[in-house]
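Chains: A, B, C, D, E and F, in written order; residue numbering restarts at 1 for each.
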Amino acid sequence: MNPVVIRTDKRAAPSDIAALAEVGVSTSHEAMGRTGLMKPYMRPIYAGAQIAGSAVTVLAQPGDNWMIHVAIEQVKPGDILVVACTTDNTDGMFGDLLATSLKARGGVGLVIDAGVRDVRVLKQMGFPVWSRAISAKGTVKATLGSVNVPVVCAGALVHPGDVIVADDDGVVVVPRREAATVAAIARKREALEEEKRRRLASGELGLDMYAMREGLAKAGLVYRDDEDE
Amino acid sequence: MNPVVIRTDKRAAPSDIAALAEVGVSTSHEAMGRTGLMKPYMRPIYAGAQIAGSAVTVLAQPGDNWMIHVAIEQVKPGDILVVACTTDNTDGMFGDLLATSLKARGGVGLVIDAGVRDVRVLKQMGFPVWSRAISAKGTVKATLGSVNVPVVCAGALVHPGDVIVADDDGVVVVPRREAATVAAIARKREALEEEKRRRLASGELGLDMYAMREGLAKAGLVYRDDEDE
Amino acid sequence: MNPVVIRTDKRAAPSDIAALAEVGVSTSHEAMGRTGLMKPYMRPIYAGAQIAGSAVTVLAQPGDNWMIHVAIEQVKPGDILVVACTTDNTDGMFGDLLATSLKARGGVGLVIDAGVRDVRVLKQMGFPVWSRAISAKGTVKATLGSVNVPVVCAGALVHPGDVIVADDDGVVVVPRREAATVAAIARKREALEEEKRRRLASGELGLDMYAMREGLAKAGLVYRDDEDE
Amino acid sequence: MNPVVIRTDKRAAPSDIAALAEVGVSTSHEAMGRTGLMKPYMRPIYAGAQIAGSAVTVLAQPGDNWMIHVAIEQVKPGDILVVACTTDNTDGMFGDLLATSLKARGGVGLVIDAGVRDVRVLKQMGFPVWSRAISAKGTVKATLGSVNVPVVCAGALVHPGDVIVADDDGVVVVPRREAATVAAIARKREALEEEKRRRLASGELGLDMYAMREGLAKAGLVYRDDEDE
Amino acid sequence: MNPVVIRTDKRAAPSDIAALAEVGVSTSHEAMGRTGLMKPYMRPIYAGAQIAGSAVTVLAQPGDNWMIHVAIEQVKPGDILVVACTTDNTDGMFGDLLATSLKARGGVGLVIDAGVRDVRVLKQMGFPVWSRAISAKGTVKATLGSVNVPVVCAGALVHPGDVIVADDDGVVVVPRREAATVAAIARKREALEEEKRRRLASGELGLDMYAMREGLAKAGLVYRDDEDE
Amino acid sequence: MNPVVIRTDKRAAPSDIAALAEVGVSTSHEAMGRTGLMKPYMRPIYAGAQIAGSAVTVLAQPGDNWMIHVAIEQVKPGDILVVACTTDNTDGMFGDLLATSLKARGGVGLVIDAGVRDVRVLKQMGFPVWSRAISAKGTVKATLGSVNVPVVCAGALVHPGDVIVADDDGVVVVPRREAATVAAIARKREALEEEKRRRLASGELGLDMYAMREGLAKAGLVYRDDEDE
């Protein structure tokens, strides 16, 4: 790995990004055939944020946030910074100063497979972060990494320009070229869910609504009354 | 294990269930002689809920929520769905559609040794969940498990009809036949605590209130002034 | 280890403790040259508390809270109880009764490398706790430990009388004799950050503000336009 | 839980125990319909041992091995001691002295959801142990637990007299009354595997031997040649 | 993700694969600029194996080994099967029957981000496996995944045909097109290490051999004699 | 923390170090009143080594082994290098070249709260290591730490010159000034154990040998025959 910063304009269409933000993580993930999720250890620092944006990727070294400074210059309005690390690390690579800078450049959120700090201020700023840990541990600026190269972040492959969707359920990566298709499928799925929700709320069973009884019986499911006293 | 669904009417008395809901997890657990707790990795998806109900148990397969659909038919008003899994798994087996259905059948909560998703909506619905993880990971409906068999959930043995008590401190299982006794002991314990709280609040030391000084001395505890500069 | 309770008056100056409370964990940690942090698994039971106080230390046994009762007698107004354990343990060693007692003695918070319970009540009381776990698991009073001896708590060395600073970012230990120096450095650091925050908010890049470009180039960082279609 | 020691003669038939020892963990587990396994964190302290025996169960307190001393009196030749703990704990509750005693009473192994120590000596003695951890941490003898009550050990329910099977793959619990049936099924399964092994070794594919191709196609599996350069 | 099996002939040159096997994991990883490593939780089931081979990739579902059967048909002599899973899972997806089949087709090893069983037999067969866990937990054949698609396995991106190098230090992935370059760099690195090893063995310090003293001094390192009694 | 290297001659008496090596970890730990143990995640890279030596301490940065090179100059014959890290890190900071150098200077082992690599060669060299992880992950030489300052390593406080005892049970730290006392107590303890071992091997119960029956009865232990069919 030769340290490199790639300048790129690749982004998905804003309307597709907006659509994915609206449907959220679980629906986007289902619309992709159940792929693209980051590991569930990635948690928001506060509840309630739901965003989507284009990934500016960072490959950082453990305990070192130098490349985050480098990456912010590559951020365009609406982007999300995605920080992967060359090894498992929970140090607080990002705090309120970096958030101030990232926000000033138009960045709308941070996804970091490491630690974050100043979380009270970040919440006050309304700057959403999904991270592996909250940690005050300070970092150095000593070793190069890369910006806008493909990275594996929390178990998911992220290319620069991919659409990141994040909410209280976690983080999912939608490949840039699939954003339009996924957004379309996701919207259709949501529409269908509305009708299902109504039927289930009225007391109809999923067993009947999804016509599962035959399949269960064929698979060998047996019903029995409790005879035990 | 032959997959089976047991139909059962076994429930503890509603008044005992209500009493256990009122005293909460820690007191119920103490009243049982410090038994019945699930592992502390079981956390509520939002703070503040405190419930009790009768367990409808599910033994699910990893990445598969088929049996949750089956189990909902067995739920009666006031019940809590308790989902164990045949192996450690964090997939999002339960979301807002299942919650809508479970709620429509009278279910008052979910305890799941796996993942849950749509947590923002669940919170809006006021549907409480205690889970091992929050994860958007979608599941299949392919392999049978069982409903209303005894299960080990998060380290605790649960029989169908046992009383589940859950609050911000975690989840405890009160065996159905012991519910009345435990409720009675718990209430007595609570009454005693009120008096203790008053005395401690006035500055009395636990050392004196519990008469510990003699026991500590006998065990060999030594007091010394700090001589170190 | 012979079980012992050390009576001590060692405390840092109240003004320094107050100053550290104001700057919080991350800044105090940076001011100490990036040392003194507890592991990031130490989390507050509710968001928003930010405190500092003098450590009264406890070395407890697993599943045993006897020494916490002993320690409360040694607490003076403004102190923080710091509980270490001789092995990894998540049992609920501390609940609302102990909090009532500790608060009555002037204690302002608890830092415990074990579990805590009654967290809903603790939140209502406004009594802040940083812990390894939330667990209803009850404990015994059977085996001696020590009070006000040096302990390793969540990876950090704590001497009695050291200043504990805790907020949403975690917990840091400032050695008693260094409190004044650290407070002074921390305040200076904060003052500098204000100016940086203003510049970053106006869109200036960290790359320029910190004059990083030359160092990055010297280290070998290369910029390249995306040629990939 | 009132502390109690149950004296019991319940054991499975020696021939069934011997048969289960011979087939080992994975086959026994499959013969039970894929149930009864302890969590995979239970590992042998040395490779190569493969045993079965009747469970004498212990419910211990964290950091306390008093009840192990009590339990050894209840051990009969061929038994395996199974130690569960009321909470997660890795302390070294068992070492070479206890092993000497347990062996002298006819015990053939230990399964402990906690720590073990003196592992070099245990290996020299040829005394097999499956544990959650290896730890030198010493324990006290201060708090009662129980012997020969049902316990949950490493996620599996164990009744006194159940057959424990343990080898390099882990530990499985065969309910006493099912031992004969499981042994019979397991032997049959082994016989079938011999033939399968021969065919696979000759190069026949599982796809053909198990006739999977039709099922895969029906499920929608597609084959494609790599067109990518 | 539409389930798919890609048939491909892509392989690196046998001589490069052999060279990488010879230098092993740490040297290959360094030769790649410190990239390509799987997480260190991937451990060999027995010590001493050191191999390299071309990746045939599998994306499996939790608790389901259907696609491993499918994948074996795609294995050519010298290949290594690399199994990723759509979620964290430790079930025993692979045992001695599959090993017999894989070996018969020419497969030389398995890398699996899940569990493996029958480890005693696998060791006797001399069939090396690197896995996340050892577990007897049986699996089903119910849900499709894919074969020979790019996968993220234990944190590393693997394309079909990439060279997998595995030994007691772990597992590294060398992209197919970089195999020749990496092998060349690795060999050179090894040659240099021989000379370094000789000098260090003679007592020369790394401080001098690598000429570090000036850099350390410039960075601010201070030497001091211990004045403390 | 200002980076510093302390030159020191402090060592315990060679005869005490030898005695501690002979009794091993568990006995030394008991002789110290059950203190001084490192966390049980510290495991030997191969079984069977049992050593003691004087600690030369290192405080390293994550992913950075610069200070290990610095520390080797401070090692005297018989010493053990003890590497702590400012944060949790598993990178392979130490391999066969450093082992060659450390051995050439008289170092007899390594205890590292991070990763180690080249483990096959280290085993061939007979150079024992206790570590948190095995990982091929390469490190940089970019950021200063300290040598021969007090460190917290794997949960234990270590001062330069303290005696480190390590074997298959783990690692324990004996403070330099207590080495003679601890060695004496440990030897006495071992002598007593010989007699106990003989009695237990002859079938005498611990219950009787330690005269536990009265204490158990007083604590409330009840014996009952199994009445259950």
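One rule holds for everything that comes next: a contact is a pair of C-beta atoms (placed from the backbone, for glycine too) under 8 Å apart; a residue touches a chain by one contact, two chains touch by 3 or more.
Remember, predicted model here, so these are calculated numbers, not experimental data.
J.: If you take the chains that touch chain A and keep only those that also touch chain D, what is left?
T.: Looking at chain D and chain A together, the chains touching each of them are B, C, E, F.
J.: Is the contact between chain A and chain F built from the same residue numbers on each copy (over half shared) or from different ones (under half shared)?
T.: Over half of the interface numbering overlaps between copies: same.
J.: Whole-Å distance, chain B centre to chain C centre, using C-alpha means?
T.: 30
J.: Counting only Cα atoms for the centres, state how far chain C is from chain D in Å.
T.: Taking the average C-alpha coordinate of chain C and of chain D, the gap between them is 42 Å.
J.: Could you tell me which residues belong to chain A and also touch two or more other chains?
T.: In chain A, 2, 34, 86, 88, 90, 135, 137, 143 touch at least two other chains.
J.: Chain pairs that touch, all of them, please.
T.: Chain-chain contacts present: A-B, A-C, A-E, A-F, B-C, B-D, B-E, C-D, C-F, D-E, D-F, E-F.
J.: Using the touch definition up top, name the residues of chain F that touch chain E in the complex.
T.: Residue list for chain F touching chain E: 2-10, 46, 66, 69-70, 72-73, 90, 92, 95-98, 100-101, 103-105, 115, 117-120, 123, 133-138, 141, 143-144, 148, 160.
J.: Where on chain C is chain D touching in the complex?
T.: 61-64, 86-91, 135, 137, 140, 142-143
J.: Chain B touches which residues of chain A in the complex?
T.: 25-26, 29-30, 34, 37, 40, 43, 47-48, 50, 167-170, 172, 193, 196-197, 200-207, 210, 212, 215-216, 219-226
J.: Could you list, by residue number, the parts of chain E that touch chain A in their complex?
T.: The contact residues of chain E facing chain A are 1-2, 32-35, 39, 86, 88, 150, 152, 155-157.
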